[in-house]
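Have a look at these structures, which come just after this line.
Okay, so chain A shows up in both of these, paired with chain B first and chain C after.
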Partner chain A sequence: MKLAVPRRHRSIALAYLLLLVLVVVGRIVASGFLGVDHIDELIDEGALIGFVALGQGFVILAGGVDLSIPWVVTSAGILVTTFTGTNSSNMLWDVPLIIGLAAVVGLINGIGVVFLGVTPIIMTLGMSTVVEGALLLYTNGSAGGNVPHPAVFLATHKIGQVPVMGLAWLVLIVVVTFTLSCTPFGRRLYAVGLNRRVALFSGVDVKLVTCSVYVISSCAAAFAGIALAGYVGQSYLGMGDPYLFTSIAAVAIGGASILGGTGNYIGTVAGALTLSVLNALLPTLGFQPAVLDIVYGMVILVAVAAASLGGRARTD
Partner chain B sequence: MDVRPGIAWALAIVLFVVYALQQHDVLSRLQLTDLCSATVFLVALGLGEGLVLLTRGIDLSIGGVLSMGTAIAATHFVSPGTELLWSSVIIVAGAGVGVLNGALIGILKLQPFIVTLATWSIVSGVALLILPIQGGSIPPHFASWINQSSLGLPNAAWIILAMVAGWSWFKRTRLCRRIYALGSDPEGAAIAGVNTRSTLIAVYGMAGVCAAVGSILYAMLTASGDPTVGNGEILPAVTAVVIGGTSLYGGSGGFVGTVGGAFALTLIADVVFAFNLTSYWQQLADGVVLIIAVLAGGAVRSMRLRRAALRAP
Partner chain C sequence: MSRQANESGILSARGVSKSFGGVAALHDVSFDVLPGEIHALVGENGAGKSTLVKIIAGALSPDAGEVLFKGDPFKPSDPGAAAEAGIGIVFQELPLIPDLTVAENVFFDRQPLTRVRTVARRRLRAECVEAFERFSLTGIDPEAQVRDLSVASRQLVAILKALAADPSLLVLDEATAALGPSEVTWLLEQVRAAAEAGVAVIYISHRLAEIADICQRLTVLRNGESVGSWRNGELESEELVRAILGRRLGQLYPGIPPTVKPKVMLETKGLRAGRRLRNLDLQVKEGEILGIAGLEGQGQLELILSLYGMLTSHGSIFVDGVEHRINSPRDALRAGIGLALVPEDRKTEGLLPTLTIRENLALPVLHRVSHLGYISSQKEAELVGPTIHRLNIGRQDPSQLAGDLSGGNQQKVVVGKFLISGARVLLLYDLTRGVDVGAKAEMFLTLNELAAEGYSMLFYSSDVTELVNVAHRIVVMFDGLVCADLLNDGSLDEEMIVAHMLNAADRTGVVGSLVR
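For the complex of A and B:
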């Protein structure tokens, strides 16, 4: 039997199939798995992964990788609690300020990669430590304070039975998908990821496009950090640590090529939800949380092997 | 004559002088022993990472191997016999991770950073399964060896000297020449008959072994285990190698500079401490130093390329 989906969407269909299988397994092993409250929880945690993976996805699409995400998430989470505290009216200024600071971090990453020719992995690894040091110096190593009300509202409030964060994610999904498939920027981004040289000769401003994905990545990570602080109700050092492997794994499961040039956000959404379901499922199956790290690694390995072996088959 | 290793050593010496001027008893035997034992694990990590960088690769999984090694050490070193047994288990495990990396990169031709990122995640998970939180303990008689001296030199210094001696032997071997050839011109090396696969497997295998040895030294230094410690040591390991003059573009560099780079990094932390600054400055400095060193290396490289282009007919 032939699959009725176009060839290029097959890997995305596969990601949703995987999600479906895991949900069915969850329903079988745990009776409350598909209760409304639990579904909301799965969507919320999927959304947090989805926010971070959005930025990582842009960077991967352009052929790079962003290792500075964990400390940008942590910094945003901690800054939103130390700047704003309980005084919600401050948030109107503080959120743009935090996202702006993150944009500066992303811009430095982008400048290092594009204009100074540092490889993405070294540049973002170095920046990660710089951000960590700067945050620790600013906060003197202490985290905490109160999470401002709007962040809590975004992360935990529900309209009827629908979580606000899920709605915010839905808006982002529409915006990102539109940007990638229907705008000149999206087409340029795919061109850069597929073949930098051809893109350059076709008149694409490769430097600008490459630089912008790092800015997008840092801003998305900062947004995720603010939402995460609201979701867990506090901020702490290392709160962003899990999001390095998760963000890459979500993109990989979603069928994007780890080497850049293919993939879209609809696939990454399936990846984020799959990881969220897996996160909930493993403890009920009697596995320790650490097994997740092993699963992430395996998923990334399989994805990169598939991408590069598949790519080779295509060009041969 | 390559001056780049000299730059790392000069940086280390300048930092040492600054440190000595600020802190009084730096030249005491105890302080020098501390300096060596705080640096030796980084030197071991740098030895392996340096080999990988020579082949134009990068190994992020050393972070996982370091975490796993300290986790195994802190849970399984219970009596004199078990220490040797489990040390060899740690080293074999490190070699296994490295060989897996090498096979995926050499045989399947996958990208080094993404392969070692994936194995970093896998091995970190294993480390957390072995030791869920920081803790455990290393028997004092085993751990204290790193802070003792034999024949007038700190044991840690002996290990560093042994690694340097090992490197000067290794540099003359055929394998090492293949590594340099592979790094400076992969296609040319393959045409000249270098077996890319086995060379890469050997390189990543050695990097895994070095990281495992580093983890045992780290466990001795801290006398406990930490299943996430390695995540923070990948950057210093790469930085030590890059300050030491090994190029990220492969094919040039060596271990002598790495040793200087590792000492420079430890001394940055010491100087930060001596000036009564919080240790957070060290984090900031490590990242900035890495980026500056990479930029300087890139500038030197493009200068050479330009000169070579001018010389060409």
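For the complex of A and C:
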């Protein structure tokens, strides 16, 4: 049988192949790997990466990058514990408020990139520092409070055999995939990422599209922060730190070009799960956490190098 | 050995073949150039001209056959070796180094050195000025950085670089593609002078008028094979086009159809934009193809860009009698103006090569094919299908990637995008630059059909021959104004238009900035 994967989806198929290989390796070398409890954990951690990578994926697709994600995650996590505490009924108001605040951060990122012409790396890095400072002022340097029940429910409970967070992720996967492949916004986003000038010439509102990806990214990061607070049962400064690299790595492993214009969320899902499996597998093999960082770094570099080599082969 | 050299000239190719991955780019091609001869190489894109040039330059080596240079088998290991042997080549893609100055580029591999082997700047500058004088090129500062030059000026520098090395064989591969008429005239003069001094010239161009003007002999390539060699004038122009295309299309220009209706579709009053567009009044009628001529940089690009909302403009723009404010391409599309643009660096800006034909065509009209927020693939197919069919794009498979299409077909997609968008006025900016003869012929037929359907077109081309054969009316622009408005009723020819372009320049005394 001939393998019928369209050219543009080949790198995504590759991401799933990588995931499969890791799972098989894990089953062979580590006993208890992928047991029933373990699978839930892999899905939950994959989902957290998947939430941040969702937003990062939109930004990268448009040809930018969002470095403000970690502190938006942290802020959302801390705000949800300090504002809301254990009083669940407040959450009805607080969650939209937190996500709204994040949207403002994203909007400022977008405005800076689009209207002030600041490069995305500098703009989002600057914003990240601003958010960090504001949060330190607000918390006086120490986070506290309790995680509200709905966040805990989202992050740790199950409906039947299925983790709630996994279900939430599934819903997001469907919505995002549909948005990217079947809506005018998705199509315009690809056009902007591939070539802004062509998009502009074709009547696409490039500024609006670019702005909106940063808003989406911050909102997704805030959602991830709330879920993360529920997952770890507390909030602390720096809780979002690991999610900068993982968000970019998940998108890169998922077959998207780091330069924008290609890839989709289905690939990013494979990237997020791959990272979550790596996360679980490396310690069981006796590697220290530091090794994990080395592996992450290598993975990103290899993915980016592969993407640029692939790009060169295409233009030759 | 010497007998052969006398017979076959300075460079001869003997049965040269070259394949890429099983596809023959050249098959058993033989031809030769005599000293002092200008020999044109013509054919469609993909006919094998550039492959042949690359073999001569040493960038590729032939699979079979050989190249003789001055009678000896010639196998340059790389382009540097070819240059040392006395072969000067002006490539299609400009191989200048943007961060170096003009002088440093012209003398790139043979800069004058001081005793401690650093570049002797003053001598370099002097030698460059001398080269400029020797080849009567003016208007370019030898100290300017190449990145700050216009594409045409860069091309002139590349040509100067090849000439200044005193080659015994000069190869010009599409050297005029980026040049305006006066610059082409300069180039042809220099080429003639070089040939008179005994230099052999291989001249490659899609512009058949130039070839008729300058060459002594021409060789036609088609699908990697040599169709034949003729002396200039031996073939009628229709016969030549047929030799280039095979039996596909009989002629390049389909003739100008009487499709102009009285209604004014596009009108500008006192249009100003940037520094170069000063005060432009223009009318385009329904079904009219209005040609825009002018020396480079007289506001043509600014006119097109401001009509398309890419450049802030002042003054009034009327489409079909209604005044529109056009501040973005979105506004332009809404007003019914579409733009098909080939930018100066030759890569098409109207197209996303990694998306399919369908996705490209639907991009400006996504709001029309979507329903409840998602794109209806049925509506999309209904809208896109007829356009693909009618413009005869590629294999007519909408899911083909746009990047896999030939240059001519890609241009059709760009035009098709704006037909679908409902534009009634099409802005065509150098649509045929670098497009081969076959695709050009098809493009002109398409323009005629569109005119017959009442589309109005603003057609800018740097090729005056094209304007004379395609446009109903030609306006000559100079210094941001219309300096002549000529009805193309059969009495116009290329020389008259060029004369208008140059006259305006003479009158206003800005000749110094132009190539004479």
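Of note:
Heads up, the rule we're going with is that the second predicted complex is superposed on the first by the 314 of 316 C-alpha atoms of A that agree within 3 Å, B and C clash if a C-alpha of one lies under 4 Å from a C-alpha of the other, contacts with A are read in each partner's own complex, and residues count from 1 in each chain.
Keep in mind that, in the parts below, a residue touches a chain if its C-beta (ideal position, glycine included) is under 8 Å from a C-beta of that chain, and two chains touch if they have at least 3 such contacts.
Remember, predicted model here, so these are calculated numbers, not experimental data.
With both complexes superposed, B is the one of chain B and chain C in contact with more chain A residues.
Once the two complexes are laid over each other on the shared chain, residue contacts for A:Met127 go to chain B alone; chain C is not touched.
In the superposition on chain A, A:Leu200 makes contact with chain C only, while chain B stays out of contact range. Of the two partner chains placed around the shared chain by superposition, chain C is the only one that A:Gly261 touches, whereas chain B remains out of contact.
Judged by the touch definition given at the top, the superposed model places A:Ala191 against chain C, while chain B stays out of reach.
Using the contact criterion defined above for the overlaid structures, shared-chain residue A:Leu20 touches neither chain B nor chain C, since it reaches no partner.
When both complexes are overlaid on chain A, the residue A:Met298 reaches chain B alone and has no touch with chain C. Once both structures are placed on chain A, no chain A residue is touched by chain B and, in the other complex, by chain C. Interface residues of chain A, counted against chain C in their complex, comprise 7-8, 178, 182-184, 187-188, 190-191, 194-195, 197-205, 261-262, 314.
The touching residues of chain A, when paired with chain B in their complex, are 65, 112, 116-119, 121-123, 125-130, 132-134, 136-137, 140-141, 241, 245, 248, 258-259, 288-298, 300-301, 304-305, 308-309, 312.
Looking at the complex, you find that chain C touches chain A at residues 308, 310, 328-330, 332-333, 339, 341, 349-352, 354-355, 359, 362-364, 366-367, 370, 373-375, 401, 417, 421.
Residues 58, 60, 104, 108-111, 113-115, 117-129, 132, 228, 231, 234-235, 238, 248, 278, 280-288, 290-291, 294-295, 298 of chain B are the ones that touch chain A when the two sit in their complex.
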